[in-house]
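Please find the structures below.
Each of the two complexes below includes subunit A, the first together with subunit B, the second together with subunit C.
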Partner chain A sequence: MDALETPRGRHGRAPDVLRPGAWLPMREYPQNEPVDFVIVGTGAGGAPLACKLARAGFSVVAFDAGAWWRPLEDFASDEAHQAKLYWLDERLCDGDNPLKLGSNNSGKAVGGSTVHFSMVSLRFRPEWFKSRSLLGYGVDWPLDWREMWRYYREMEQALKISGPVTYPWGPKRPRYPYRQHEVNGAGLALARACDALGVDWSPTPLATLSAPRGDAPPCVYRGFCVSGCSTNAKQSALTTWIPWAVRAGAEIRDLAMVGRVETGGDGLASGVHYFREGRWQFQRARHVVVAGYAIETPRLLLNSASARHPDGLANRSGLLGRNLMVQTNNAVWGHLEEEVRWYKGPPSLALCEHWNYEDRGKDFFGGYCFMSQGPLPAAWVATQTGNHGLWGQALVDEMRHYNHQVGLKIVGETLPQERNRVTLADEHDQYGLPVARVTWSMGDNDRRLVAHALDFMGRGLDAIGARDIWSEAENTCHLGGTARMGFDADSSVVDADCRSWDVRNLWVCDGSVFPTVGGVNPSLTIQAIACRTADRIVALAARGDL
Partner chain B sequence: MATPHTLRLVTLGATALMGAVAWTWQARETRAPRRRLRPDTDVLVEAARTLNRSAGLLALAVAADSALEHARGDFHNRAMYTPLATSLLSLLASGHGHRDDAAAAHRLRDGCYLAAGLTGLVGSGFHLYNVSKRPGGFGWTHLFYAAPLGAPAALVLSGLLGYYGERVRDAAGDRVPRVFGLPAGQAVALMCAAGLLGTTAEAGLLHFRGAFQNPAMYLPVTAPPVSAALLAGTALAGPHRPGLRALSRLWLRFTTLLGLAGSAFHAYGITRSHGGWSNWRQNLHAGPPLPAPPSFTGLALAGLAAHALLDEERHLTPFHARLWRRRPAWRLP
Partner chain C sequence: MSLPRYPGYDVLHKRNGPSWNEPTRRAVDARLALPREPRFFDARQWALLNALCARILPQPADRPPVPLAAMVDAKVFERQGDGYRDTRLPHLQDAWTRGLAALDAEAEARHQQPFVALSAGQQDALLTAMQQGMLHHPAWGGMPPALFFSERMVHDITGAYYQHPTAWNEIGFGGPAGPRGYVRLDSDRRDPWEAAEARPGREDEAREANRRVR
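Up next, the complex of A and B:
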């Protein structure tokens, strides 16, 4: 656990995570000279941006509050131990439906939550980028879907996404660079359920290798994906963008908590204060990119208020921290007569996006996909104790069904609401920074979506002969929306290039720029937006508009 | 480190090396012209023995592959032992044939080869049935990961090669040796060409599953079909295309080497799986199949045997037909 005590990215070298004990040379930048870009956060947003900006020749220093893990050496086959990958710092959660923050919506590590994400790599439905104009809900994105689909393509190629040969939904897409994985028992149960319901299913496009790539081996179907992949088959930011960024000349500072973005007399950002190796330090920068995800990004910007920016940086619209969205993550569970052994392989090997692309027969706005499930034993125990209050012999008896259990779980869209927001609380954390207060309440539309999904999936499980079917009605996952991108400074925090309307050398690059969240996992979209932002920065710099 | 650049270099190097070896092998080939009215029994028996060896090589590949894969499937169904047994029988028959220079078929060998071929056919049916009953419909998922439809065909080919070998022995004394109504050389050549194409299809499917991540994975889907086309072309074009014949023999030699190199590449592929060879108990199953590529070697050697028969037929042609006098304008070594 010394990665949690002592930074690994220093003295001109960085861990080579693909080889045990090996190091990569890493450039180091002085603190008192401004670097071109400081990036706060190294997850799905910050890491690709750091890589692409460094490749374009900018000087880049990226900070992460978490540790620089070596998966081959530091990751145990132990669910409880691997909680070290989550952001479990103090936060206050309230609202009608206080969020549970941790495993499926946070990450504290170099590589961010991609270190333990479920690798589901889906594209947005094209219409979602114009959901207000075309589908009548939410707000439009300032991005064109065709341009985004080009970036999706670039991301899929870069991460060697293993996907199906043909994808049943949406416009024709190019072939995934690697082939789909073998579908496990839980996935085949989903396939049977979809056959029975008369809808399409597909092997899930996943960011884990189905064939070797460089020093990374193909997936061994160990099933510990959401506890951190210990073989490096997972194409997380930690194993891809970060080493590429280091090789391209970026510096990554791990165990470095950024507490405040400093602004100068001209109102522009001048650098960041960060806590590392026991003391607060200051890194000067020409541009600051905040990529801390939907809670830490607004928290940092709100905490960076100054005389010129009394309500926090980039908050002239008053929308910073507002419109916090989650994705609903409800499930239907049951057990089958035959053995399923759902723990084998990645947890979501098969999916159905039918209700993302079908608008008829819905009494709600938005969409959802549902995927096959494979929680590891401790996670399943937690589900049982949390939902049924099982304990003792009753829990032991229930766990006997573990190898026969099947489940279908949604990633469902929730609509943006201004009342759902991130603010600063009066309490302070271990760095002396005000902790985030996270307020979230479900809307009526969100409830109707969940009810529809639970009914549909329940019928699916019933059709394949599952018994003791029950619904898990309370669960949420991915976040988004607290620094929305938009068409003008009054109705959004950043423009289409993720550049703040108010502070022109301040950028936001993570899921908080999403105006709507759609019904698919956000990681591929976050990375696509990051790469687009990098290209836009290069283009703006070329014509002197940076 | 397996960067795309290194892999490209390795592929190019291996291709050049195999090409050079194939060329040298061909250049060292010696053939004394013969002036005889009847086909040389030695030539036919020698071709038959080559077919025995080819059948044995395929049987060995099937024995190892089916043992590995069916062990992975825990011999869930008793029938999964059958290919192991019959491929071993085919292997024994082939060993026997290799040592036998009699110009006549052997009844036991025939039986073994028939059993192997039938097992392969039934196995294909079994695998097809296995795929058809999987949920979610017939699709890439099951073509990639369910029971492989093409694998039992290698056993069919082993049986066929052996059976053809026996027929060639039987025909050894004839004035115009024929197998199944076709001149022996043509019959064996066409069967080998078809076998090469089928095996290419199997390699193509599985290398597609592996996303052709190593450019060397393109070799077994390009070289063998060219071999098959040249071999079939040679057999059908008649005796007056010496250039085509030489080119065909060269490609077959390249394909022979490719089958062996394939196992080496697969051994390297295993090192790239998690744990590499130190985790061999898992990676022999999960990595690329070591025993599969030599099927190409078996078929290509059989193709060379077909060439020996074709050449023998060519030498006899002037005596039979008194038509062909033209000397070739050019010839490959």
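Up next, the complex of A and C:
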């Protein structure tokens, strides 16, 4: 656990995570001279941005509060041990439906949550970028879907996404760069359910290798993906963008918690205060990018209030921290006669996006996909005790069906509501910073979506002969919103380039800029936006508009 | 469907094989070597916690029990939080301290005896009332009993159990799997290093297959 005690990115070198014991040379920048860009957070938003900006010749220092793990040497095949990847600092949750965070959706490591994500790499439906104009709900994005689809393609190529030759939904897309993975028993159960329901299914496009890539081997189907990949088949930010960024001249500082963005007399950001190696330090910067995801990003900006920005940075609209969205994560579960052994392989090898693309037959706005499941024992028992309410002998007996269990689970859209928000609580964390209070209440539309999904998936499991079917009525996963992008300073926090309307050298680059969340996992979209933002910064710099 | 059984399967037989790497061996070894003496709970709380574990996660008498109370004690002592806290619950340590005291207060109020002295049926009735939010003793101090039940008590006890190799054996889980992983992904296709489920009347075949798991 040494990586949790002593920074690894220092003395001019960084861990080469693809080779045991090896190091990469890493540039170091002095604190008292401003670097072009400070980036706070090295996950799906911060890491690609750091890479692309460094490649464009900017000086970049990226900070992460978490450790710089070497998966080949540090990662166990063990759910409990690997909790070291999660953001486990205290957060307070309230509202009608208090959220569950931590292992569910929050990472604290170089590479952020991508170190323990399930690798599901999906594109948004084109219409979602104009959901208000075209579909009648939410708000429009200031981005054009055709431009986004070009970035999706770039991301899929960069990460060697494995996927099918043809994808059943949406506009024609090119073949995925790496072949699809074999679908496991749990995924084939989804396929049979979809066949019975008369809808398409597909092998899931995944950010884990189906063939060798440089020093990284193909996936061996060990199934501990959401506890961290110990073979480096997973194309996380830790194994891709971060080493690429280091090679391009960026400096990454691990175990470095940024507590405050400083602003000068001109109202512009001048650098960040961060806690590392036992003391608070200050890094000067010409630009600051906050990439901490939908809770830490508003928390940092709210905690950076000053006389000139009394309500927090980038909050003239009053919208910072508001419109927090989650994705609903409800499921139906049942047993099959056959031995499924769903612990083998990535947890979601097959999916159905039918209800993302079909608008008829719905009594709700938005969409959802559903995927096959493979929770490991600790995650599975949490489902059985939480939503199913089991304990005692009934629990022990139900758990013994583990190898026969199948499930279908959604990633469902929820609508933005201003009452759902992140604020600062009175309690403080180990750094002396106010902890985040996360308030979320389900809306009526969200409930109708979940009811539709549970009914549909339940019929699917029934059709394939599953027994003892039950519905997991409450669960949420990915986050979004809290620093939404938009068309003007009154109704959004950042513009289409992720640049703050109020503080022009302050940027936000993560899932908090999402105006709506859609019904697919967000990581590919976050990375696509980060790469677009990098290109926009290069273009703005070229014409003197930075 | 009768309950699946995996006679003779022991995931620890794979400990020195290609399904376990060094970090995995260290992590599981440390779990198996966990001290059995409490570091956080006092004697009365410890007895109550052991009684609770026996009801929440009953274990068969024909094998060494998973030391659930010790695992919960370690979690609480080391303040291993989950990364979120419902605002109606106090901190991890406070929640456990208050929850155990309140449960004993409920037992005294109902039966004039501490929880540990109640019959299994009385204990289960009290726990069921707790799960359903039907307890109202002032000792709860505003902490909702049903929330403590699901988010803390059952969560921590059952979460401990299913991270223990004994539980993996019981449910036929393959256990640690890196770097070897798996080959046969389709249903009813067992890799030779996976648990073999007993077919009715053919228990010996499963036992023999499980003996070869490495």
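Keep this in mind: the second predicted complex is superposed on the first by the 541 of 546 C-alpha atoms of A that agree within 3 Å, B and C clash if a C-alpha of one lies under 4 Å from a C-alpha of the other, contacts with A are read in each partner's own complex, and residues count from 1 in each chain.
In this text, contacts are C-beta pairs under 8 Å (C-beta built on N, C-alpha and C of every residue); 3 or more make two chains touch, one makes a residue touch a chain.
Just so we're clear, the structure is a prediction, and the values are computed from it rather than from any experiment.
When the shared chain is aligned, subunit C comes close enough to touch A:382, but subunit B does not.
After overlaying the two complexes on the shared chain, residue contacts for A:165 are found with subunit B alone; subunit C is out of touch. Judged by the touch definition given at the top, the superposed model places A:244 against neither subunit B nor subunit C. For subunit A, the partner with contacts to more residues, out of subunit B and subunit C, is C. Once chain A of one complex is fitted onto chain A of the other, the partner contacts of A:192 are limited to subunit B, with no touch recorded for subunit C. Of the two partner chains placed around the shared chain by superposition, subunit B and subunit C are both touched by A:183. In the overlay built on the shared chain, the residue A:89 is in contact with subunit C alone; subunit B does not reach it.
In the superposition on chain A, A:231 makes contact with both subunit B and subunit C.
In the superposition on chain A, A:355 makes contact with neither subunit B nor subunit C.
Shared-chain residue A:212: touches subunit B; no touch with subunit C. Subunit A residues in contact with subunit B (one complex) as well as with subunit C (other complex) are 182-183, 188-189, 220, 231.
Listed in rising order, the residues of subunit A touching subunit B in the complex are 160, 164-166, 177-180, 182-183, 188-189, 191-192, 194-195, 201, 203, 210-215, 217-218, 220, 231, 233.
Contact residues of subunit C toward subunit A in the complex are 1, 3-5, 19-24, 26-28, 31, 55-58, 80-88, 91, 124, 127, 131, 150, 154-155, 158-159, 161-163, 167-168, 170-190, 194-195, 197.
Interface residues of subunit B, counted against subunit A in their complex, comprise 1-4, 134-137, 140-141, 144-145, 208-211, 213-214, 269, 272-275, 282, 286. Taken in their complex, subunit A has these residues touching subunit C: 73-81, 83, 86-94, 98-103, 106, 182-185, 188-189, 219-224, 230-231, 335-341, 343-345, 376-378, 380-382, 384-386, 389, 391-393, 395-397, 399-404, 437-438, 467.
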